[in-house]
Amino acid sequence: MIRFNCDYNEGTHPAILERLSKTNMEQIPGYGEDHYCRQAADLIRAKCQAPQAAVHFLVGGTQTNLTVIASALKPYQCVLSADSGHINVHETGAIEATGHRIIPLPAIDGKISAAQVQQVCDAHYADDNPEFAAQPKMVYVSFPTEYGTLYTKQELQELHEVCQKNNLFLFVDGARLGYALTAKKNTVSLPELASLCDVFYIGGTKVGALFGEAVVILNPALQADFRYYIKQRGAMLAKGWLLGLQFLTLFEDDLYLNIARRANEFAARIKKAFQKAGFPLLYNSPTNQQFPILPNELVKKLEGKYVIAHFGHPDAEHTVIRVCTSWATTEENVAALEKDIASL
Amino acid sequence: MIRFNCDYNEGTHPAILERLSKTNMEQIPGYGEDHYCRQAADLIRAKCQAPQAAVHFLVGGTQTNLTVIASALKPYQCVLSADSGHINVHETGAIEATGHRIIPLPAIDGKISAAQVQQVCDAHYADDNPEFAAQPKMVYVSFPTEYGTLYTKQELQELHEVCQKNNLFLFVDGARLGYALTAKKNTVSLPELASLCDVFYIGGTKVGALFGEAVVILNPALQADFRYYIKQRGAMLAKGWLLGLQFLTLFEDDLYLNIARRANEFAARIKKAFQKAGFPLLYNSPTNQQFPILPNELVKKLEGKYVIAHFGHPDAEHTVIRVCTSWATTEENVAALEKDIASL
Amino acid sequence: MIRFNCDYNEGTHPAILERLSKTNMEQIPGYGEDHYCRQAADLIRAKCQAPQAAVHFLVGGTQTNLTVIASALKPYQCVLSADSGHINVHETGAIEATGHRIIPLPAIDGKISAAQVQQVCDAHYADDNPEFAAQPKMVYVSFPTEYGTLYTKQELQELHEVCQKNNLFLFVDGARLGYALTAKKNTVSLPELASLCDVFYIGGTKVGALFGEAVVILNPALQADFRYYIKQRGAMLAKGWLLGLQFLTLFEDDLYLNIARRANEFAARIKKAFQKAGFPLLYNSPTNQQFPILPNELVKKLEGKYVIAHFGHPDAEHTVIRVCTSWATTEENVAALEKDIASL
Amino acid sequence: MIRFNCDYNEGTHPAILERLSKTNMEQIPGYGEDHYCRQAADLIRAKCQAPQAAVHFLVGGTQTNLTVIASALKPYQCVLSADSGHINVHETGAIEATGHRIIPLPAIDGKISAAQVQQVCDAHYADDNPEFAAQPKMVYVSFPTEYGTLYTKQELQELHEVCQKNNLFLFVDGARLGYALTAKKNTVSLPELASLCDVFYIGGTKVGALFGEAVVILNPALQADFRYYIKQRGAMLAKGWLLGLQFLTLFEDDLYLNIARRANEFAARIKKAFQKAGFPLLYNSPTNQQFPILPNELVKKLEGKYVIAHFGHPDAEHTVIRVCTSWATTEENVAALEKDIASL
């Protein structure tokens, strides 16, 4: 069976594995206070053109989301998210478990707009007793979204402005950030992203690392004492240099972007194959996740050879599937899939 | 100005005030461990025909909701509610602050159906990884609803069954229970309610008491150690007998039902007055809250003499208002309002 | 049986009862946004000589403690308390339930010192990784303490200074504040107290009210959005004017101080009676709680006629009892107790 | 500089590294639902002689402690711990952040006794109002303790019995379990440990893994829905097989025990060297951590060549240091340290 179901089916990029091997017997201080973490943080700050940013390394996405959000909000404040946002649908109430409400906004193609944010704020403060509802204080967006789609620079700029205007933090979940930055249609550079939000993270788990997410905190108000939050949430890795080493490797020579770009190109070929074969797409994704709609029996046929993810049923006869590529996807497997799609 | 904006504009029913005065210098043990609380609990158990029920007295509605819900759910479990439910719109994220997610269901006339509950459960357990979302474990409904409407016995029976089938608790918020029980169209008696849910409460604050809500816990699994929860949430009144005394007074001679019935009758007159004058109603409420839709300028006119609550704007020219009656509403004020409505 | 076991055995001072009766049918806005609450807040601000203070009214002590503490601390911060402090021994983990650790300090006569606070801060920041422990951010003291004892002005001043120096908030639990302010040996006035702490509360429940605690927030950083916290914790009383009315009555004509002073005088007589009869005291309390040590059989004898509280056993043959007076204590009962002590 | 400051200074045992390399390009399902995790769990169950145990793999120790404890306790329940326990001193209030109080018991050599546990339970239930304090429900002990010491089988048996008697869960933190099991003086086997507690974990991070802790849940009441807890706390690793692979490697051919035994032997040599040189030990540890007491100037001298941890100051002139060995400690470095100690 060939796996196209997600982008974390294999271990890690060989360059990372090699570096872990080479440094395995080095004696290194723990808890992220080592020179690899420092170098990786410096490099990320440089790539973001954000010399004042604080950079921390955590292990996984849900962990990062709950740590960042709970660090930024006061107990009565809430976070706005696309209804399709990862924190709203796929984290077992992790945000609520830290005491905070999520206000879901109806998303279009996985995205929310500045106008929707403004409307929530207006409604909140128009109430005679705003204190009877949780106070909006943060906007959470995923870039790319859970549907592989992208905010344009214009859209992110508008979200930035509506947040500034309403005294909200803008938090960008970049679990798959590499695929966004290297998408052909993308209009947002890494420094631009860093200039438009208060905090974001660069996903490693889904872009070539064994594990790891690099949190970049731009807003000084969110930087203070962040290590306390990491430790309290059980998110401080004892052998913290494992994270620094991985991100150092990913950001030297732009490995992070190169492997993401390659995965996007493979995904574009698969997308084209589905389109050519006459299958519609649920979302028009320019990144590494594709969502074709197939008759159920053809899904079953594909599943004789491939592992893919199911993503719902538009009607009784059809299934939306998710096909993902990654740093580990091979030319050979893509070619096989193209051929099999053509013959469905 | 005459207040029709809510049902807690005045102190307490004279019978309660008198009893508080008469017993003021009695020396009584604290924390709800007195004979007034015991008598009130016994009386409520008898009226509910639920001899095994545990009865506790808390101070307010939000407090009761958060204490009950947090006592029943494990950390990863969530509660289903009408999107218009009090816990979902008017409690400052109090439930989330205890760590639990609310799943809002689109309500019709403030009500949700057993079919909606089943659908949520089906979707949850159909997922390959149900543990990636909070687990449905409780259904919260208000009786009457926040819009004054009522579940029928049939509807409650179905909710009961869907909860039994899916291993969910059914929790009924009875902040205005008296108005439901005494509504002309009501089909659910107090013993029937007690037989259909796992826990509910009898609202005092909005039905004649100074303050106080009587929690009735039917399900033995939810009874254990409930006083720990009350104390931990800051909900245990030092002079606890004040609560027992009030509920004893309300349930002797059916005062609770009598004052609610009278308020319903006044509300019915006001409803009729609006209808007769040609104003539509947003909800067809048989209880003490009415929601007529008026042109904005007529609302302003009414507000020259009455305090009423605003409940949204169906369009730019109209306002939904909320008009409430209570134990304290006078014949004189109702007659005045009827007259003023007629002349709008 | 005559109750001396606590200071909340009876309803409320007649002046409050009368005012509640007189205003019972007034129509008043809810949630503490009425003119009684405003007047009471103004009066308290004036008495505190703190015109910029925010004043809020809550229902009970545990509720107030958890609401104030959780409003002031970030998730990783903790509160320092005497090991005998109410939050540390008698609140069912209510503070921890809001996510915060309590650091208990060994108390002498129920009191902690500035030196102890400094030591905790020094130890915390001396660690190579202070972020591996909760960060000290608030000091909680009770005035009077749970043992009836008092901080001197000098001691409070030192606590104030150590808090300023270490960037900590000072929170004074005044559940029995009246008894402190009117104790013969007391050296701290209400305005002085207000000038020395960041937030404190004036207890009503244990000093003549039916219920209620008035929170006085001096530090502007703690004032913002406090009503959200109140509502979220279920601590916002619907008929909020009941609280305003009570505190207005207590602070007009210094009723609050007068009833506390009288209770202190009765307690002093009882203390003297025990001393005269040769019974030692566990604490030398100048306020309304006394802690004599009696042989077990004499405790039993007393309990034939009086309800008193047990407070531990210094050895197998002796019991520490707690005897309390209050606004409701009668000359007649005190005289009887004096006589019975003498004849033990 | 040679590091003896902790047991997680290097990457991972070569056998693990090799296996990670060899399997790097395998396509494997995520979230711990793979055959490596299944095999590792089966092997651990076999080694524990606990065929009904549930085995889960988490990333780190604090994360494991907070996930396990929060899964076992109801909101009003608390956990008893040695005052020196990791959860009480080194986790930034992580347990309290889940809402639960820790009751610290004065430890002797890092250990608590069944008698202490019984005393807390007796005191709790002897109170007239036990519900005014958090209810004891779990006992947490570390094996080995934070001071390298060991519970005897007899002591663990007594803790087991006191927990059974008082309806408490017994939770054993085995972050360094290997060093306990292979200590010369140890009297507790892995199957015995499994038979005496409700839940424990086998530490990987500090015993040769890159990271990872294997939670073994014996009590069926604690097994249900545990994956929800893991996910909600952000503790579910996307590439979960990385954990299974490591534990499989550690438990095949008893690698886990062999590397721990070797580290213990090195530690015994270092201990002996300190004793021979006339330096007292703060604790008589039979495991891989040693706590000699040295004059400050000799500590400085050692620190010219070695990184060691400071562990407090018995007086102004002396320092307790912590010296640790691990799977990565070399014969060469131990010999050098022995020599340098002798010449101090």
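Here the chain labels run A, B, C and D in written order, and each chain numbers its own residues starting at 1.
Everything below uses one rule, namely that a residue touches a chain if its C-beta (ideal position, glycine included) is under 8 Å from a C-beta of that chain, and two chains touch if they have at least 3 such contacts.
As the structure is a computational prediction, the values presented were derived from the model and not from experiment.
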Identity of the chain that, by mean CA position, is farthest from subunit A: C
Of A-B and B-C, whichever chain pair has more C-beta contact pairs: B-C
Geometric centre distance via CA averages, subunit B-subunit A, whole Å: 42
Chain centre separation in whole Å, for subunit D relative to subunit B (CA means): 50
Between subunit C and subunit B, distance of the C-alpha-averaged centres to the nearest whole Å: 34
Interface hub residues of subunit B, defined as touching at least two other chains: 75-76, 91-93, 97-99, 131-132, 134, 228, 231-232
Residue ranges of subunit A in contact with subunit D within the complex: 1-3, 6, 8-12, 14, 17, 20-21, 23-30, 59-67, 91-94, 97, 205-206, 210-211, 228, 231-239, 242, 307, 328
Of all residues in subunit B, those that touch subunit D in their complex: 31, 70-71, 74-76, 98-99, 129, 131-132, 134-135, 225, 227-232
Parts of subunit B lying in touch with subunit A, wherever the complex brings them together: 75-76, 78, 89-93, 96-102, 128, 131-134, 310
